[in-house]
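After this come two complexes, each holding subunit A, first together with subunit B and then together with subunit C.
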Partner chain A sequence: MGGHHKLTASTVPADQVELAKGSMWRKLPGIGLVLALAGLGGAFGIHSGNTKALHDAEAQFEAVRGEVLTAAGAEGAKQIEAAEKHFEEAQAHLEELKKNQAEIAGRREGAVAAVKGSPTPENKRHFTEVQQEFSDTTLAIVKARKALSHAVEGKEHAEEAVAQSVAPELAEKYEEAHKAELLAHNDVQQFWYSYLTAFMFFLSLGLGGLFFVIVQHLVRAGWSIVVRRIAENVAITLPAVCILGIPFLTHDVAHYLFHWTHSVAVEADQMLAWKQAYLNPEFFNIRMIAFMLIWSGLAYFFYSNSVASDTAPQAEVEKRFHRMRYMSAPALFLFALSATFGVFDLLMSLDPHWFSTMFGVYFFAGSAVTIHALLALLVLAFHQSGYLREVINIEHYHDLGKLMFGFTVFWTYIGFSQYFLIWYANIPEETMWFAYRIKDDFLALSVLLCLGRFAVPFFYLLRRPVKRNPMLLAVGAVIIVFMQFVDHYWLVQPVLAHHFAAESGSHHMELVVGAFDYLTLLGIGGVFIAAFGYATGRSCLIPRKDPRLTESLQFENF
Partner chain B sequence: MAVAADKLDPLSGRKDLVEGHPTFHDVTEAVCAPIESPSWRWWVAFLMSLSVLGILGIALAYLFYEGVGIWGLNNPVDWGYAIVNFVFWVGIGHAGTLISAVLFLFRQKWRTSINRASEAMTIFAVICALMFPLVHTGRPWLAAYWLLPLPNQMDIWPNFRSPLLWDVFAVSTYFTVSLLFWYVGLIPDLATMRDRAKTKTRRIAYGIFSLGWRGSNRHWQHYEKAYLILAGLATPLVLSVHTIVSFDFAVSQLPGWHTTIFPPYFVAGAIFSGFAMVLTLMLPLRSWFGLKHIITVKHLENMAKVILLTGTLVGYAYAMEFFIAWYSGNPYESYAFANRLFGDYWWAYWTMVSCNVLSPQVFWFKKARRSVLVLFIVSIFVNIGMWFERFVITVTSLHHDFLPSSWDYYSPTIWDAATLLGSFGLFFTLFCLFVRYLPSIAIAEVKSVMPEADPHHGDDHE
Partner chain C sequence: MSKVKRKKVYGLAAEYDTAKGVYHACEKVRDAGYTVWDAHTPFPVHGLDKAMGLKPSVLPWIIFAMGMTGMTIGISLQYWTSVVDYPTIIAGKPLFSWQAFVPVTFELTILLSAFGAVFGMLGLNKLPQLYHPLFNLPAFSRVTDDRFFIAIEVDDPNYDETRTRKLLESTGAINVYEVED
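Right after this comes the complex of A and B.
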């Protein structure tokens, strides 16, 4: 009946869905590994040079500092000693108050128990007194933290004052050594910020793939079966990418990235001290390991069951598809929670003072729009290399395009709401996160984000013919994937630029896309490509025994 | 029933959406029967609704005579039942357009059995909602003047920077588009009613509103195009209305109100409550009007899944609010949430959580999703829980604000309760009139998803 003949599950030509021996796709693991080695090797190479330079700069600064102290004589030493002593006292005072508070808390428990046991006026009065004592100590602790923070500044000021009191030449030398140390430190930090940016970008691709696969099972989608294996292969990059997250668990790296790992800074900051119960290295590591296991485990579950079904006997195929469908709802639940708290840790806590209940959704929205764009690009690449041509057609591109469009609007909705509510209420502790993202050089980046993530793809993808032309659609997809990287750059890098602008005293935030940004992108991208290529080479390009494959092959938009 | 042997789905197959293999004509007959020969049950439901509507009349008459002093508002809690009821009804009004527009774009064919009645429900719920901004001043003839940007000799304009004003635009736009969408969908069915009419009045009435529909190919082509465009336009409105409503709270600096997740959280909650109300209405409807083969258990199960999903999303939002209230380190924010859990209104909070987050969790089990009784009970729970959610948000944040000396306890008066109850009277009266005079299932759309609509139906080759 009708015009063209349509494929069914049993008439799919094998050469369309099975990679030939010499196919370029089979070279991807090798290419990926080369890229990974080149990128990460290069980046780590420069980084180890920088680390050494930092040690040298530190040593140099120490040496100059020694000279300055000698030159400043007893008067200078006294000044510094006084500041040092002041700092130690502030620390000791805080410690003592904390110990007092713990002791009072113990007594308060006793007082509560006493009131509960026999609510005599005397017991009640005793409780009120203890409670008052507790409140006073709490307030004293808040003040002691402030004092500690002043003492830290006092130490720095004392040194600067001493350095200015010596001969002008020496003072200048001190200034230079100090600056050199700051710069060297920034270089080392910059490496890890670039690394985190690239890591989060590729992690978000893998998580997007995982989300796509889970949702197709959950809603029993028919149209998407032919692209699902590609998404499964994207998702199975998660274990490989997660391994690259291990450095974040180490003390040094966390120190360069996360301000809340600095114990003195935490002690001297009431807010950070409050969050210490959650934001502390041990708990952070436990959470990270849990998230990485969840992501890798879920990806492996869907990948392995789907791939195993390709060659399994019919009864087992059904069992495996049952299993995946059964698990999809709990998997979505796990995915939502782990992704939310994962990005709270990896992205939101970069600026530990800031918070937004919407942040998890913001990350999710970006990943969701990007996975559909990435799938469209990968399908096009398969088509260009002669695969899947009769299997995936214009109808599937059209649906991917519609979802790219829809999630673009969703991302905008989430991003705008988050910005708008914070802007409108104008509470300093929330507003500052955006304030330094629209400062100096970063204003242009923020504008790019609005245009490139909303205005351009929205108007571009609005029309039907664009979504039904693979080449035109691919242009939109490239913009979306690129903007996903820009978004993560925008989330991560201003934190360092802002910090450095304050530390260096220039107060001008510079946006410099440097070697580290390219190299880490290349390197982690290489790992991603290698993992994707390896998975792609291992199995059929479509889940060929999916019970709804025919429906997907014959699907048409009306 | 050809259910068991369906190989397409490993679990339950792509079943026929209408059960029992009826013909197209059978479907028309089934849907038109309640209109052409109403049962006594309709009269019972209608008269009961009408008497509750009477309570609204009395409550409003006294309100307009006396003023808002008859309500329980006090100094810190100057937003009470009126806003709670407004948000509650706007929320209910979300499922209709979600079902008709969003599910349409997602090719969810099962929507065809429930979209008509849900859209009607949406319109009536929005009417109930719109009533509250109008009457909450106690002087509705002035409220219209204040709410709308009408030119006046004093050159005084509403505050365009206030989300309360955006609400006026958002909700009225939503109402207009929902009405239009509903009406466009009704046209082919109105023509069916016209063609079946046995009295002159009916023929003229249905005739006027069916706009000369003859079911020609050209008509259908335009109709499908218009429907798709309206669906595209209505979809962002599903999100925007409750987003703006959430702004009423979230743009402020009040602990418990100012939080960035409010927009999607309100939207999820609105869809959640809307679907619950759809179930509350559909379960009796399908049984009393003999439509169980068109609104099947499969349809109910799908709605249960949407309720489970959106209820869990609402739970996610509650969890985020709590976590960040602590994580922010803001003592006022932490206090606001501790106060919700253990303060004066703890009972309202725990009612909300039990109804909204815990009760839908039974839908993890297929048995529960397919049990009419469980569905009905949970739908009532969700209706209650979602009303309490708005109560908790509004009242707990207001009654203990920054300054302990201004704290107070809010309790509604009998007139608050009468207005709330009366709004249900208005809602159910309108709904009863709808099912009495209009086809409560989209006849033409249901036919389009039946196997007979497939051009290859009956070809037995291949």
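Right after this comes the complex of A and C.
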């Protein structure tokens, strides 16, 4: 009914769902590889120059520092030596206290066992005494860490004081060399921050695709079968993108990105010292490898089963679809946990003092809204190039539009709740994260995020006719995908800008979108496009043997 | 003994035994230019609104207007109570702390939207209605089971007893009844 004829599973024209030999879609892997080589090649080229410049700047600074020390003479050397000694003492004191505490902890275990064995008043008194000793040492350690942090500052102050005591010309030279080193260091860090931004953006697209596929199987959705293969092709970019995450496992790169990998900084900071059991490079690497295996493995499972069903005999088709449906529930658990803890590591730990239990959901909400927008754009691109016409129709656009709208509201709800609780509680280490995101240049970015991710798509997608017009829907989808990148820029880059503003003494946070941001986006985007294009060219554009394909082809909204 | 009482007529009702039948009949009635009429089915029939030529409902606009009203009430209520009428500093935060106003504003937007949806729907459907002339027709009771109906009212400008009856008969109706008001 409905006045027009709709396709059934057996009447789908082959030329609508199978790419022609010369189709532009078959060129995507090549285009992607060129983009990847150009983008990553260019970015790494500039970066290696910057790394060399950093080594030069460091050597230059060391040379000037030597000059300053010579000029400052015995008096200066004594000053610096004193600060150095003070620092070493503070370190030794802390080590000793830690050793003491371990020893007391051993005795406390004995005292507990004694009380359990025979709860005499004497044993109980002994336990209370050991417990008191343990608490005292814990407090002493907190104080010793504070003292160590002062000693680190003292070292820096001593250097500065000595540098200012020499002839004005030399002092100026020292100042300049110091600044040059800071700038060179910032350039090297900037590369990795830009790389992480682009990496997380494309990772979130792949994870969005994976979520989409899992959830369609889980709820046994009918409408989405005709767009599911496209989502599977997006999800199977995960193994390729995950390979680009390997640099984060290396010592140097982690050092440029993550403050918590600096052992002295962690020792001098009680909060980071407490988190060390979780946030340490070895455990971080183990977790990262596990997450990347989980993501790639899940994507491969759903992709390979679905593609294999295209050409399989009927009995095997049913077995494969049953297997996917059976696995979708445990897969969703794995996905939720790995995505949550994955972004705790990759994004939240950039500012290791800050924490939000909602952060994983925040990331997920952004990925979920974006995958529906990306699917709408890809469907439109297929339609424009003459594929999937009639197979995917206005009803499917409408549903993608409804989910874009729904997840926009969900993102806003999560984003605001995260902000709202922190704003209300007003605890410094929590509010700080938002405070420097509404500071200086970044205020405009935060306002853009609120408008572009909530106000604009919300009111734009509210009306039914917009969701049922592919061109109008595509405008909304472009806004959503663009804002997903802005969101990740907003999550990553202020950390470095904030750090640099403090280090350089300017205290003004600058927002500069530079060559690294464009090149890494192009390069990692190229890898994403190549992987997606390769997957698209390998198989049919729809899961043509899905037992409920007809239901999806004839789907209609009320 | 018998007093001739002039019947007041509500309109003509045509009975069909398939969804397909009533669907195509609706298209014919729509194309004949009738406006004051309705179709009655035991279950929702896909695309019947298009076959009847129904325009999109104004209900979404009512809901939107109610939602915006709720939002305005939410913001102004809190602004007036915490900034104008009884200014109190809480936790050292500004009097106009918009963040704190969001939950109440959100809830009032939702509440009035829901009111708009429910009462707007009832109003547009002229519900609750304790009496409807179609229930004077004994055959109409099967509309909740296995029969489909089209009823054209006398108020329709195109209504003409013989012509309208002929039209309905030509649509494949198994019966056409005159309904008393």
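The criterion applied here is as follows: the second predicted complex is superposed on the first by the 556 of 558 C-alpha atoms of A that agree within 3 Å, B and C clash if a C-alpha of one lies under 4 Å from a C-alpha of the other, contacts with A are read in each partner's own complex, and residues count from 1 in each chain.
Note that a contact is a pair of C-beta atoms (placed from the backbone, for glycine too) under 8 Å apart; a residue touches a chain by one contact, two chains touch by 3 or more.
Just so it is clear, the structure is predicted and the values come from calculations on it, not from any experiment.
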- Task: Mind checking the superposed model to see whether subunit B and subunit C fit together on subunit A or clash?
- Result: clash
- Item | Dominant toucher of subunit A (residue count), subunit B or subunit C | B
- Task: Applying the touch criterion given at the start, work out whether A:Tyr424 contacts subunit B, subunit C, both or neither, answering first, second, both or neither.
- Result: both
- So, A:Arg325: does it touch subunit B (first), subunit C (second), both, or neither? first
- Task: Using the superposition on chain A described above, determine whether A:Glu556 touches subunit B (first), subunit C (second), both, or neither.
- Result: second
- Does the superposition put A:Arg464 against subunit B (first), subunit C (second), both, or neither? second
- Touching A:Val456 in the superposition: subunit B (first), subunit C (second), both, neither? neither
- Query: Where on subunit A do the contacts with subunit B and the contacts with subunit C coincide?
  - Reply: 1, 424
- Contacts from subunit B onto subunit A in the complex sit at residues 7-11, 14, 105, 236, 239, 243, 247, 250-253, 258-264, 312, 316-317, 320-321, 324, 327-330, 364, 456, 459, 461
- Please give the residue numbers of subunit C that touch subunit A in the complex, ascending. 19-20, 23, 44-47, 50-51, 56, 60, 64, 91, 99-100, 102-103
- Query: In their shared complex, at which residues does subunit A touch subunit B?
  - Reply: 1, 220, 222, 270-271, 274-275, 278, 318, 321-322, 325, 329, 333, 336-337, 340, 344, 355-361, 402, 409, 413-414, 417-418, 421-422, 424-425, 427, 429, 547-548, 550-551
- So in the complex, which bits of subunit A are touching subunit C? 1-3, 416, 419-420, 423-424, 426, 462-464, 556, 558
